[in-house]
Structure formats: structure tokens, C-alpha cells
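The two complexes that follow have chain A in common; it is paired with chain B in the first and with chain C in the second.
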Partner chain A sequence: MKIKTACKTVFLVLMSVISLIPFYLMFSMSTFKSEMIFQGNPLIPSNYFIENLKTIFASNFVRSYLNSFIISVCAMFFSVLICSMAGYAMNVYQFRLKKVMNMFIMMTMMVPTQIGIIGYMIEMRNLRINNTLLPMIFVWLASGLGAYWMISFFKTSLPLELVESARIDGANELQIYFQIALPCIRPGILTLALLQFLWSWNSYMYPLVFVNKTENYTIPIFVKSLASAFRTDYGAQLAGLTLATIPVLIIFSFGAKSMIRGLTAGAVKG
Partner chain B sequence: MRKNLFKMVAAAVLAVSVLAVPAMADDPEVTITYWGWDSNYTWPMMEKYHELHPNVTFEPIATEWGDMLTKVQQALASGSELPTIIPMDRALIANWKQFDILEDLNEYGVDTSVYNQALIDAATTDDGRLIGLFSAACPAGIAYKRDLAKEYFGTDDPEELQAMFSTYDDYVTHGAEVAEASGGSVYLFHSGQAVAEWLYFASDVPNYEDGKINMTAKMEDVMGKLIALRDAGAVDTYQNGTPEGNATYAGKNHIFYPCPDWAITYYIEANDPDGSGNWGIIKAPVNYQHGGTAFGITTSATDEQKAAAYDYIHWCVSDQVGAEEARDVAGFITMDSTIATPEFCKRSDEEFFGGENISDLLYQEIAPNTVIPAPSAYDNDITSVRNDVAQQIMDDASMDLDTAVAAAIDELGQLVTDESVTIE
Partner chain C sequence: MNNSLKKYRFFWPVVFLAPFVICFFLFNLYPILYSFYMSTLDWAGYNQKVYVGFKNFISIFTKDKLFWKSVLNTLKIGLSGFPIALVLGLIFAALLANTKRFKNALQTMNFLPYITTPVAIGMIFTFIFEQHIGIFNKLIVAMGGKAINFIGSAKYAPFVIAFMIIWRNTGYFMTMYLAGITSISEDLYEAAKIDGASNLQCFFRITIPLLRPVTTFLTITSLIYMFQMFDEANLLFTNQTSSTVGGPSQSCLTIVWNFYNQAFGSNPRMGYASAMACVLFVIIAIVSVIGLRLMNGKED
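And now, the complex of A and B:
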């Protein structure tokens, strides 16, 4: 038994090390002067990190970072709000064409985003907001997957009797939604929030087609342009990549437990 | 007396200022938008032009060359705004011709007789429209490290090395000798992909003719030579252009690097800053050009934008100041023969090459004597397949030519979906 546990532990440690080494190397290499990266031992950090950061900060990095942050936070907040409202409505209310609506939500998940992008660009252009950050935020709000997920979560986590009781006690619909329904699906909300943040932070396709001004750069576009701007300054490129990865790592570290709980909720029949 | 002189000078300066300001104010304010890569070249060029023409402002958006077609296609399909100036990589220029979104520069009165005719032909459509001007010809040779050349070939003299490496077979023969002498630790080349890239650009087999892609002939020409070099132990397995591969420039295990003129600044000097004096360049067995970007103007731009954009593009190539700026910031030598005299082409970094006259070699000997095969709309796909198959050849030492060609045809078949085209 002990050997089995030890083997498992060794295996898990090994897999963790394999997974973490690229991240560690990215950070470690970002502390080197470019010419030294492949001459020294990249496992031991050097002392050039600040210089590399200076190079990065002298470019459009801060603005790109801020843009990505605004997009991701807005996408995360409003997407969770809209999706959870959709999930609540689909579970709590009875209305005509509810089944059709449900099928429609499922269908939106089956259409690749690339197919809808041209139509979306036309829509944004007609709204005259295509040269702003808004198209990169709006695209995440009506998420078919998010709505479907919230519908499933409410179905398994929110007893309708609770809603009825609250109504009898005089709570209005917003109070029921915010104070009773949402706390019931907390793991689902956290998971969706994390995923929306990650997806919008890493999104490349939408910024690629919508960013036509330097002040609208996002991190993925900035990172891609690093290779051209700092062609052989790998230290600076890696410093930029390290900084770009930090928010994702922090958010995932803090929310990993909830995320896994949310992903696995309903996997085991209780 | 001194006071009077001062007053006169001050009055003159004031008069000039007063007269000059209204003249500049008359120039219309124009904003030129630009999507493209290589910010090390384009950004400084735009800044310099803006300095000289303050009424022209640039809004450049960094877009990697691999994303350019996607971004433009999406903008076209959705009716969104296109930039004023579009850069066109040589591998994609035939694709740009198909879009019909670019101005015919002939209508702007450009004198094409002073330019490299092969590059003008490459940017001209079948109906004679010139859709862009190449910023530079890109003559290429083979760069080498002098210390390693001396150690393994007994000389670092470019002429003697040129005589030793005048055919592809010479590279195979000497590659095997180096491998044996070094116990397999030193190679002629660092990357199969780099070698395939060189052989591809040096190949005179056209990619496309009469509705068929000559994949077998092209790959046999390119991969056949690569396999011979690999089997001789002359090529290492690094992937071309990766940080690890680029680090070999400063190393002691690879002697030769296929080298277009822009690679001198962007790769050799950048990756081996301490290697001054230790480099040389010889001609490849076949003179060739590698790379190049043409700049065109979109038809959707306003008349003011078009006029300013043309003036800028023309300034980069055919104005003494612009051409000097291009030479000095990026090492790009204009394809305008009236400017690119031997004196103008004299590179300031010849000391890096041990004092060798690489300027004459590249711009007087190689550049005028290269032939560029007609570009096709499939060049980018073929290039992508070439890279993949070259790496497969290097990763699998048992891969023979037939297997490599079959793999290339199969992979290209998945990329080319046009049924009117056959791959042979």
C-alpha cells in the first residue's frame, strides 16, 4: 500500500515538475541578457531582469496590459451576470418557446466562433464601435457555453421550493436572484468567471481583427509583436511573456479549488 | 557692429519663419494607417518621413506577416476599413494580386526602368498593374565563421573558400570531412530548415506552371540536396529561427549560414555581437535572393492618403535621404539603380567581416545576377510544407527522397483545396 502511495506521489511530482519547468525556464531566462541565455545555465536566474523589464516598459506594454485587464474583467463580470440570469430564468420561469430557447442556446455552442466573426464585425461597424475595446468585451457576454452551464448548475443546485418560499416571504425577483439563487451556484459562478477571464485574456483572433489603433493593443497582440520589435532580444521577449502570464497564474492559483469543484460538480451522482 | 549683425540675423530668421509657417500650414494634414511587421525598419522610416513632412502622421499597427492575410480578409468581408499602406511579403505577393484592393502604382508615374526588373515583375499583375514597390533587393550569400574555416579548411580567405565551395557537391564532400575531423561535433550548417530555405530560393524550378504545382521537381531539387548534406553529416538538427537555433551564431559548432543581406544585421550581428572580425561571406553555388517586402496602397484610401502614401513609399526607395535611412536603420539597400551606386552600397559594417568587401560582393556581383522565379499563389503553402518536410528529414535520418517528396505532396494537397490545380 505504502509503495503504491509512494509511486503515485513520485508520478505526480514528476508530472508537476514536467509541467512547471517551461514556466520556470520562461521566468529564469527572462533574467538573462539575450546573448547569455544559451551560454549559461538557464536554470539559475541571472541579474538582468530589471533591464529586460525596462525594455518592455519602454514599449506599449502598460497600455496593452491595462486594455487586456479591462476587457477580461468586464467580460468576466458581465458574462457571469448574463449567463447566470439566463440559467435562472430557464429554470425558475415558465414561458412560451422555452424549449426552443434552450435548443438555441445549445446550437450556439456548436457554431465555431470563426464563422460568426465577419457578421460580428459588420454589427460592430454599424454600431460605430469597431475601433474601441467594446467589441472585444461584447463578444464574451452572450456565451452559449456559459448559459448552458448555468442552466445545468441551477437545475441541480437550486431547489424551486426555496424560490417559492422566498416569494411567500415577500422577496422580489432581484432579491431572490442575488441573495438566494446565486449563493447556491457559487462554485459554478467562480468556474465560469475564471474561464471567461482566461479565454478573454488569451484571445488572439478578436483583437487581431478589431485592433486598428496602437492604444487598443491587448496582451496577445503585444506579445506577438514582441518577436518583431525585439527580434533578437529574447530576454526582453521572455520578460514580456512572464508578465503576461502572471495574472493568469495568480487567478488560477487562487481559484483552482473552486474551478475544479465547479468542473466536477454533478459528475458524481449524490 | 556686432549688435547690428545680430539684429540682421534675427530679422532674417524671423522673416524666414514667418514665410515658412504659412507654407507648411497649407499642406493638408494626412494620417496614413499601416498594418505590418518589421517595426525595426518601418517605424524609424515613418518617424523620419514625419520629421521631414510634419503634416503626414502615421498610425502603424504591428501585425505579424502570417496574420496579414487573415486580418485583411476579415476586414474586406465585413466592409471594415483597410489601412492605407499594406506590406506584401514576396511569398504572398501573388495572393495579394488576387485581392484587387491595391492601387496601380504605374498611374502615379513611377519610373520602373530604374528598379530591379525581377522585383518589378514579381509585383506586377498579368494585366500589367504594379501593386507595390519592393523596399530592397535581398541578395544572399553564404556567411562563414573565420576561425572554424581556418581550423577545418586551412584558410579563412573568402576567395580560397569560394574556390573550395563552388558547387553543391563541394559542400557535401567538405561537410563529410568536417564531420569526420570533429568527431561529429561540428557541422557545416545548423539547421535543415535553413538549408532548405536557401536551396528553395536558389532553385530555378518554377513552383507553378499551367495549372499544375511542380512539387515533385521542386522538392527533388531542394530536398535531394538537403538529404545528401544530411547523410554527409553536414547539417545539425536545430529548427531555423528559434532562439536556440539563433544562439548557434555565437557558438563554435557551425561554420556556414545562408545569408541574405538583411540577415547580416538581424541575425549575424545581433546574435553574435562579440564576433566582429570573425565572419566572412562567399557566394552560393547559384546566386539567389531571399525575402523582400513590397509596399502597396489600398484603393479604399482617400486621395490625400494615396498621394502621401505614394510619396512615402517612393521616398523610401527612390529618394536619397529615404534610401540612406533604410540603409542605415535596417541595412536595406534600395533596388533603385540610380541611387544604389557602389559608394552608396558601401556597408559600414565590413569590419565585422574582417574588412572583406561584402558590399561589392552582395550588391555588385550577386544582386544583378539573380533570377527570381515567377511568384505563385501557392508559394506560402509550399514554403510551409518545405519547412515541415525539411525538419522531418532532419529528425528521421532514414527518410529518403521518395518518402520526403511523397510527404510534401500529401501535405500540400491538404493545404491547396483549389480543384482546378493539380499537384505533380
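And now, the complex of A and C:
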């Protein structure tokens, strides 16, 4: 029995260390002068972090950070609103075509949005908004997975009697939705909000296609811009990435518990 | 009364569902349909559109070796990455389920890779596996071995990407499985123990079968993700000054990278790339339909 427990512990610890090493390397390497990263031992932090920060702040970093933030907050707020509205409707109302709608939402979950990117780019160009941040927000709004999750969250957490009695008390549907329904599924809302933030924050391909001027840089594009044929400033790049990880790290450490619980709701209850 | 009922049967459902449906059509479905239309064109994105019918598709299926190579690459990378991540995630979850101490800490630690920016993952993995300066190679040399050019060789590079996938997703899969396991009733295990079942038997006869919904969900979403794989492969090679599209002898060119390069590369062929997108769409649709069948099947 002792040996078994020991094996188990070793396995768990080993896996966790492997999980952490690249993450840790990002932090520790960001404290090196670019040319020094591979000279010394990258596991022990050096003293160049402030210099690296100076480099990126002298460049376009603040603007890029702000852009990423605007995109992610907007994508998060509106997609959670839109998806939870759909989830509410699918649970509270009986209407014709409800089955069709259900199938439709299942389908939206499977649609590989990314491969429509050419059509999307042309569409945005025709709307004359391809030089703005909007295309990088719009694409996240109708999240199929989000709607699907919201449906299953409302199913398990919103008693229909509550809605009924609120109606009898004279509340209108918008009041019921905002004041009764949404508070009932707070963990679900939080989870979806975290994920939407995470996805749009880490998104790489959409900025790659839509960012074509420095004012619109997002963090991934900014970091790429620090690389050139003559000298790639790895230290500065990593410092930028380290700072970019902070918001998700903060949000995650606050919401980890409810997120981990919420993540599975859809999958387990299916 | 009739009027108020109608309100709940038509007006409010429309109000609540309209934003989702409209946004989906405008920003997700319409672009794909437009890509279908564009697949019949020969067009660079700025010049005169030329209608070519099915010519793009015919080229893809008869002439374009690179496209099929990219399909094979994607399958090779994805299928050597995701199944391992799934199995590891499951084992991890099962072990962690009866761990009392440090459970939350371990879980959080292993979830961190999932929230890391792909750009950072690409860079770090380059630094770890690079031939001369990579940490992993330094370790090999220190132990008396010979440095291996992981990233520069067509033989190893796809597996570095597969490893990135494993590294990134294991913690996420574990989390999903862990919550699945938590929802399995303790009574089942106790009953099995009374009947003399071993831990291993419990795992194979109770845990795995009851986790099927989670497994199905993760498998389908992974497959859809796999076919759209781009970030990992592209980012592993962006920071190299001598970067070529697709990595060493294009061994890491995924379908979407290939598609991206055709559409937005130095010689844009938007019509042709759209045709590729359509083929990929059909592949994903088939996989999804099969997946949906499996998901719905468990409810009956």
C-alpha cells in the first residue's frame, strides 16, 4: 500500500512539474537580457526585468495591451449576455420550432468559425470596419458552446416556479431575466465570462488577419513585432508575455473554483 | 389570457433568441456561406474576380499534393497528441479524486498551461527543444548524449507540436474528468468493494463507463479543434529568422496553416483557399454528425 501511494505521489508531482516548467521559464527568462538567456541557467532569474519592461513600454505595448483588453472585455460582456438570453428563452418558454432551435444551437457549437475567415474578412471590408477592433469582437458574440452551456445551467439552476410566481407578482420578462434568472446561474455566468475572456485574450489568428496598423496591435501581434531579422529581443518579448498572462492569472485565481465546477456542467449533464 | 399566452409563445422567445441567431448568421454562418461562393472564383482579393466553377475543387482533389500532405500532418500531430492527453487527463483525475491534501493546488497548477497565451507556448517550446541552445538538448548533452535537432528535422518537429498539445490540454481534460468523477455516486464504489472488486476493477468497470459522456464531449471538441489547428504549429516557427512556411520540409504544415498561407500569404489565392476551407468544412461536418449521434445516443 505504501509503495502504491508513493508511486501515485511521484506521478502527480512529476506531471505538475512538467506543467509548471514552461510556465515558470516564461517568467524567469523574462528577467534576462536577450543575449544572456542561453548563456546562463535560465531557471534562476536574472536582473534585467526592469530593462525589458522599459523596452516594451517605450514601444507600443500600452496601446496593444489596452486594445487586447477592450476586445476581451467587450467580447466577454456581450457574448455572455447574448448566450444567457438564448439559454433563458430555451428553458422558460414553450414555442413552435423549439426543437428546431435546439438542434440549431447544437449545430452552432460544431461550426468551425475559423475556416470562414476569408468570407469574414471580405464582409468586414465591405462594411468598412476591417481597420477597427470590431471584427475581433464580433466573431465571439454568438458562441455556440456558450449558449449550450447556458441552456444546461438554467435547466439545473432556475426553478420555473420562481419565474411563474414573479410573473404573477407583475414583473415583466426583462425584470425576471435580470433580477431573478441571472443571479440563479451566477457560477455559470462566471465560468462563461472567464472562458470568453481567455479565448479572446489568447486569440491569435483573427488579429493576424485583421491588424494592419500599429494602433490596432493586440498583444500577440505586438510580441511578434519585436522580432526582426537583425535582432529579436527575446527578453522583451517574454516580459510582454509575462505581463499579458497577469490578467488571466488574476481572473483565474479568483474564479478557479467556480470555473472548474462550471466547466463540466455542460459535459457531465450533456 | 389568450393575448398574454401569445406573448410568451411568440414575442418574448423572439426577443431573447434574436441576438444570438442574428449574430450567428452575421458573423459566423454568412462568412462560411460566402466562402462557399468564393470557392468557385479565381481571385486574389483585389483584382477582377473570375468564375471558374469547380476547377478549384478539381485541383485540390487531383493535383494538390500539399493539401493532402497537410491533412496527413494534421492527423499525425493531432492523433499523437490528443489521445495521450485524454488518457493522461483521465488517469490524473482518477488519482486526484481520492487525494485529500493539495488537491486544489495540484488541480490549479495543472490547469495553468490551458490559460497560457499560445504565443508564449510557441516561444518557450522553441527554447526548450532548440538544437544548440535548447534546455532539453543541454540536458541530453550533460547526460552524455548527442543533441538532437528536434525543431529543425521533419522527423521530430511534428511530435514537438503533439507534445505542446499534450502539455496544454492534459490539465483541462483532467478538470473535466475530475468533475465527472465527483458526480459518480460513492455508493457504487462501496457496493463494488463489498463484492470484492479491486481498485483497478472499479476504475475500468465503473469509472470509465460512467465517464462516457465526458469522454464523448472531449473527443468531439478535440477533433473539431484538431482540424482547425494553427496556432501551435505556426508559433513554433515564427520566431526563427529563417522561418519557412510549414516547418522543416513542410512536415508541420497543418490544414489551416496551409489555408491561411494560400489566402493571406505573399501570393494570395482567396478563391482556392476558400475551396480548401469548404473541403475542411465537409470533413468537420462529417465528424460532427457522427459525434452528435454518439452524444444523443447516450440519452436514449
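Here, the second predicted complex is superposed on the first by the 245 of 270 C-alpha atoms of A that agree within 3 Å, B and C clash if a C-alpha of one lies under 4 Å from a C-alpha of the other, contacts with A are read in each partner's own complex, and residues count from 1 in each chain.
As a working rule, a contact is a pair of C-beta atoms (placed from the backbone, for glycine too) under 8 Å apart; a residue touches a chain by one contact, two chains touch by 3 or more.
Please read these numbers as outputs of a predicted model, since none were measured by experiment.
Once both complexes are superposed on chain A, the partners chain B and chain C clash.
With both complexes superposed, C is the one of chain B and chain C in contact with more chain A residues. By the touch criterion defined above, A:Asn130 reaches chain B but does not reach chain C. By the touch criterion stated above, A:Ala147 is placed in contact with chain C alone, chain B being left untouched. By the touch criterion stated above, A:Phe254 is placed in contact with neither chain B nor chain C. Of the two partner chains placed by superposition, only chain C is touched by A:Pro220; chain B is not.
Within the superposed three-chain model, A:Glu35 lies in touch with chain B and out of touch with chain C [touch as defined at top]. Contact with both chain B and chain C is seen for A:Val209 once the two complexes are overlaid on the shared chain.
When the two complexes are overlaid on their common chain A, residue A:Val111 makes contact with chain C while staying clear of chain B. Within the superposed three-chain model, A:Phe95 lies in touch with chain C and out of touch with chain B [touch as defined at top].
Shared contact residues of chain A, touching chain B in one structure and chain C in the other: 37-38, 117-119, 122, 208-209, 224, 227, 229, 232, 234. Of all residues in chain B, those touching chain A in their complex are 33, 35, 37-40, 59-64, 67, 70-71, 74-75, 77-81, 83, 243-244, 246-247, 250, 266-267, 270-271, 273-274. Within the complex, the chain A residues that touch chain B are 35, 37-39, 117-119, 121-122, 125, 130, 208-209, 211-214, 217, 221, 224-225, 227-229, 231-232, 234.
Against chain A, in their complex, chain C makes its touches with residues 8-10, 12-13, 15-17, 19-21, 23-24, 26-35, 37-38, 45, 88, 91-92, 95-96, 99, 104, 106-113, 115-121, 123-125, 127-128, 133, 135, 167, 170-171, 175-176, 178-180, 183, 213-214, 216-218, 220-221, 224, 227-228, 230-231, 234-235, 238-239, 241, 256, 259-260, 263-264, 270, 273-274, 277, 280-281, 284-285, 288, 291-292, 295, 298-299. Interface of chain A with chain C (complex): residues 8, 11-12, 15-16, 18-20, 22-23, 25-26, 29, 37-38, 42, 81-83, 85-86, 88-90, 93-96, 101, 104-106, 108, 110-120, 122-123, 138-139, 141-142, 144-145, 147, 173, 177, 198, 201-202, 204-205, 208-209, 219-220, 223-224, 227, 229, 232, 234, 237-238, 241, 244-245, 248-249, 252-253, 256-257, 260-261, 263-264, 266-268, 270.
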